[in-house]
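Consider the two complexes below, in which chain A is the common component and chain B and chain C are the respective partners.
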Partner chain A sequence: MKKLALSNLNSLYNAINDKMKLYLPIENNGAVNFGEYSDGANVNLNKMTIKSAKDAFFPQCEDLSNFKKEGKHIIVEQGELVSENFVIFGVRACDVRAFHILDTVFLEGYLDTFYEARRKHGIVISLSCNKPEESCFCSNFGIDPAEPKGDVESYITDGYMYFNPVTQKGAEFMAQFDSLFENSDDKAVKELQVKIGDIVGKLPLSNLPLNEFGGDKLDALFNRPEWQGLSESCIGCGTCTYVCPTCQCYDVKDYKTNTGVKRFRCWDSCMRKDFTMMAHGTNRPSHLQRFRQRFMHKLVYHPANHNGEFSCVGCGRCVAKCPVSMNIVKVMKTLGGNK
Partner chain B sequence: MQGLELKLKERLQKLLDDGTVDCVIGWTKGEFIYDVTPAIFTKESGLDGFVYNSFCGANLSKYLVSQITSDKKFAVILKPCDTYSMNQLITEHRVNRENIYIIGVGCSGHIDIDKVKAQGVSGITNVIDNDNNIIINSIYGDSKIEKASVLLSKCQSCKGSELKISDEIIGEGIKTPTCDERFDGVKKLEAMTAEERFAFWKSELSKCIRCNACRNICPACTCRTCVFDNARSNVAAKANATEFEEKMFHIIRAFHVAGRCTDCGECSRVCPQSIPLHLLNRKFIKDINEFYGDYQAGEESNQRNPLVNFTESDIEATVISDKEGK
Partner chain C sequence: MSEIIKDELVPHVAKVISVRTDTNDVKTFGVVGIDGGIMFDHRPGQCAMVSIPGVGEAMFSITSSPTNNQFKEFSIKRCGILTEAIHQLEVGDEITVRGPYGKPFPVDDAFAKKNLLFIAGGIGIAPLRSVINYVRANRDNYGHVDVLYGARSSGDLVDYEEMTKEWANDKDFNVYVTIDRPEDSWGGHVGFVPAYLKELAFDNNRTAVICGPPIMIKFVLQGLIEMGFDKTQVYTTLELKMKCGIGKCGRCNIGSKFVCKDGPVFRCDEIDELPNEY
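On to the complex of A and B.
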């Protein structure tokens, strides 16, 4: 295990930034989100970011290809794949698990080359959650905020930041900046982990009725009358889907430029009226159907297709950010019968 | 506040029982004291879980828009500031007044949980509202905060305690002592140079994730298909692909609600990125006041707003150059 005084963190950021792009939580007008580092950036590692770290590998918007006309020919240019290493720093345990869930979607079966390239070149430096919030419920999904995983795990305690490489990629990354670090034992980190464990035990949302959900619960849940009341509260915006670390639906669109056509993809949201719109129309004409889709996807369809794994990591962003406080916890408690 | 909740619940139960209404639009309790959710209660479901507390800041009037074709009667709880929206919706024929029974509720300001958290409080398990201050219980210990500092922004520039439309009134309200003069924020922006102002909005709007929360919560945004959702409009977008789009969405929206926006403040309340969107709308309101005389949308129903009401004394277009873009 290595350590670095918190007062020297900027020197680490600058050293990384000299070699590769560095993304980390940056505060801008009171809002903390992952952003690209530049000298003097207002880095804030204490607050949970509003958007998740998902953009690092699956950006909200990215170009796929360009179509240009040359004489009588149409030239198709493939969008560029990321080819240089970059670092995503300060990722919480929930977001790290979310990368794994995205992997199961984008890397298994049909291979998403844009995602794959980013994943191959991205180095994940995780950070333990020292002060989980009341909206956090990651422990339901077997996630330990005191053991955030990734390529390198980091911990902030006693005025130091501690680093522990987890993967080969992480060890190689650490070796590049070895001169900045001091060697350390893991005593302070172990103490911190015990402290975090105590807090997790006190979190109010740690007992969700998971047994009522899963890949085999389609028939039991699909036509439940409770969907009516739950969906009536929802205003149908996309906040939950856009702050969510695991929502992975996207739309592909063409955009007419002066010289041709640009094809890009951007995040989609099942809350939108034109979600999965086809020539015949939409599969889900009612608000109830669109609302239900989000939770059935996380709690039934994803587990059915991916070895029983739920595609929620309990980060609590939707709990904190929904304009009307309707969220997956309330859905689970209402349908799970212990509301 | 608990007394008020009890009074409301009793009265609403009576309205359901005697058949005055079929449904109630109110709030249902959440996992914590602050995450109350707007909900529709029916005679069958009863008022189980009904709550009214310091966190019921949401404006419920928009929930009636989707019920315009319903043959059911709805009771709805409206705070003084929400009644402006109701008047405006009636004016625009977006709700069916005949099917709505308005319970006006006295108000003394509501709390913004994000402002509480911004003061460094986390792990909140309970909040006790003692009028002048609030006590917060948290898994990390208790704390006490001055209530005025954590009121919703819309309450900090409260329009007053008068209910502009109601069928009955429950509870007494007071005008929340205003910490902000309504147009202070706009004046600050007007005092900037064009470059500074551009930089301010560029920075703020760069945070936008196009979640549409501002649009979907807005009682003035009631188009059945928004232009930004219409795939055939050629401007439909689900993400800000360019910086231009970041600005375009919000500015077009502000133009579209100009003269109709009652300044209910919901756009800023719901923005997950805390973009002060109400400042765009307030700029329009301030300009309308200056150009056409003081005007408050939703003051009463069936008003004609100055932007759709021609008079010979209307301002000339040269005002744009006269004001040098401010």
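On to the complex of A and C.
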């Protein structure tokens, strides 16, 4: 284990930034989100970011291809793949798990080369959650906020930031900055982990009725009358989808440029009215159906296809950000009978 | 520097080599790759993403049989923004195509040695034509074949020439055509497909393949069950909104299935296990 005094963190950021792009939580007007580091950036590692870290590998918008027309001929070019290493720093345990869930979507079956290139070149420096919030429920999914994984795990305690490589990629990354670190034992980190464990045990949402959900629960859940009341409070704004680290639905659109056509993809929400709209209509015309789709996908359909793994990591962002306080926890408690 | 690997979402350029006007709103396009070849091998029932860059991209079934090794055909009904633009295409125009996608009909296993009953309505003939011509090209591998095809009017029948002049002349092959309402110049059968199916009273010693508007599929399936068919003997194809075609964008997800990759072909007992959202 290595450590670095918190007062020297800027020197680490600058050293990384000299070699490769560095993304980390930056505070702007009180809002903390992952952003690209530049000298003097207002880094804030203490607050949960509003949006998840998924942009690092699955950006909100990205170009897939360019089309040019030469006479009658169409020339197709593939959008650029990321080809240089970058660091995403300060990722919480929930978001790290979410990367693995996105891996099962984008790397299994047909390979998504855009995602793969980012995954290959991205180095994940995780950070433990010293004070899990009341909206957090990651422990339900077997995630330990005191052991955040990634390529390098980090911890802040005692005026120091501690670093522990998890993967080969992480070890190679740390070796590049070895001169900045001091060697350390893991005593302070172990103490911190015990403290975090105590907080997690007392969180109000740490005991959700997960057994009522899973890949084999379609018939038990799909026609439940409770969907009516649950969906009625949802205003369909899509905030939950956009802050969610595992929501993976996307749209593909073309736009005309001065020289041709660009085709890009961008995040989309299965709760949107036009999501399944075709020329002859939509197969989910009601708000209830669209609301149900999002939760059934996370709690039933995804597990059915991925060895029982839920596509929720309990980060609590939807709990914190929904303007009408409707969220997956309420859905689970209502349908799971633990009100 | 961009790498050479082409992502599955990045399409290939293709060229229109023929345009056939079938009806007021259906045209059939012959398409080859830019090198003049068939672009890719496919199996009957599979689809491809066809695009006019700047307008859009959508999934269409490949109506030609895999035994056509010179070009692919797409029968496309004009019903939205992209299909409207596709209908403006002329011979020599370029488009993009990627695929093939989806699970095909089990033509070499579950269908082998069986009597086959194809039931289609309107543009629903498009995916079935691929199977039918595959069966005709491998005639010894199948039993008796019946095709029941219906459309709103005689002007809405797709592939009418081919089915009446070629298919109907094959050995052990019957073609039954119907239109919804009487017309002065029409000497054939008049009535909806499900009603005609009952009149024809097929025995259940055959495998049925249905494609058409959802309401037709519903009543045909009901009719087949009444005629003693088991749902495991009946196949159909589903159609939902698709953007990626490879099971990731989420649009065609119903239950734990993605119609683009787990379908579009489903056996009717498999559909029973899906939520009723198609």
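As a convention for this text, the second predicted complex is superposed on the first by the 336 of 339 C-alpha atoms of A that agree within 3 Å, B and C clash if a C-alpha of one lies under 4 Å from a C-alpha of the other, contacts with A are read in each partner's own complex, and residues count from 1 in each chain.
One rule holds for everything that comes next: a residue touches a chain if its C-beta (ideal position, glycine included) is under 8 Å from a C-beta of that chain, and two chains touch if they have at least 3 such contacts.
Not measured: the values here are computed from a predicted model.
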item	value
Combined model on chain A where chain B meets chain C, clash or fit	fit
First, second, both or neither for A:76, with chain B first and chain C second	second
Which superposed partner A:44 touches (first chain B, second chain C, both, neither)	neither
Which superposed partner A:254 touches (first chain B, second chain C, both, neither)	second
Contacts of A:239 with chain B and chain C, given as first, second, both or neither	first
Which of chain B and chain C A:268 touches, first, second, both or neither	both
First (chain B), second (chain C), both or neither touched by A:184	neither
Which superposed partner A:167 touches (first chain B, second chain C, both, neither)	neither
Touched partner set for A:277, first chain B, second chain C, both or neither	both
Which superposed partner A:30 touches (first chain B, second chain C, both, neither)	first
Minimum Cα separation, chain C to chain B, after superposition on A (Å)	8
Shared chain A contacts, counted only where both chain B and chain C touch the same residue	251, 268, 277
Chain A to chain B touching residues, read off their complex	28-31, 33, 50-51, 60-61, 131-134, 199, 202-205, 229, 232-233, 235-239, 241-243, 251, 253, 255, 264, 266-269, 272-274, 277, 287, 319, 321, 323-326, 329-330, 333
In the complex, chain B residues that touch chain A	28, 30-32, 34-40, 45, 58, 62-63, 66, 118, 122-125, 138-140, 203-204, 206-207, 209-213, 215-217, 225, 229, 231, 236-241, 269-270, 272-275
Complex contacts: residues of chain C adjacent to chain A	1-3, 5-13, 53-57, 79-81, 83, 92-96, 239-241, 243-244, 246-256, 261, 273, 275, 277-278
Complex contacts: residues of chain A adjacent to chain C	64-65, 67, 72-81, 83, 105-106, 109-114, 117, 215, 218, 222, 248-252, 254, 256, 260-261, 263, 265, 268, 270, 275-280, 282-284, 289, 293, 296-297, 300-301, 304-305
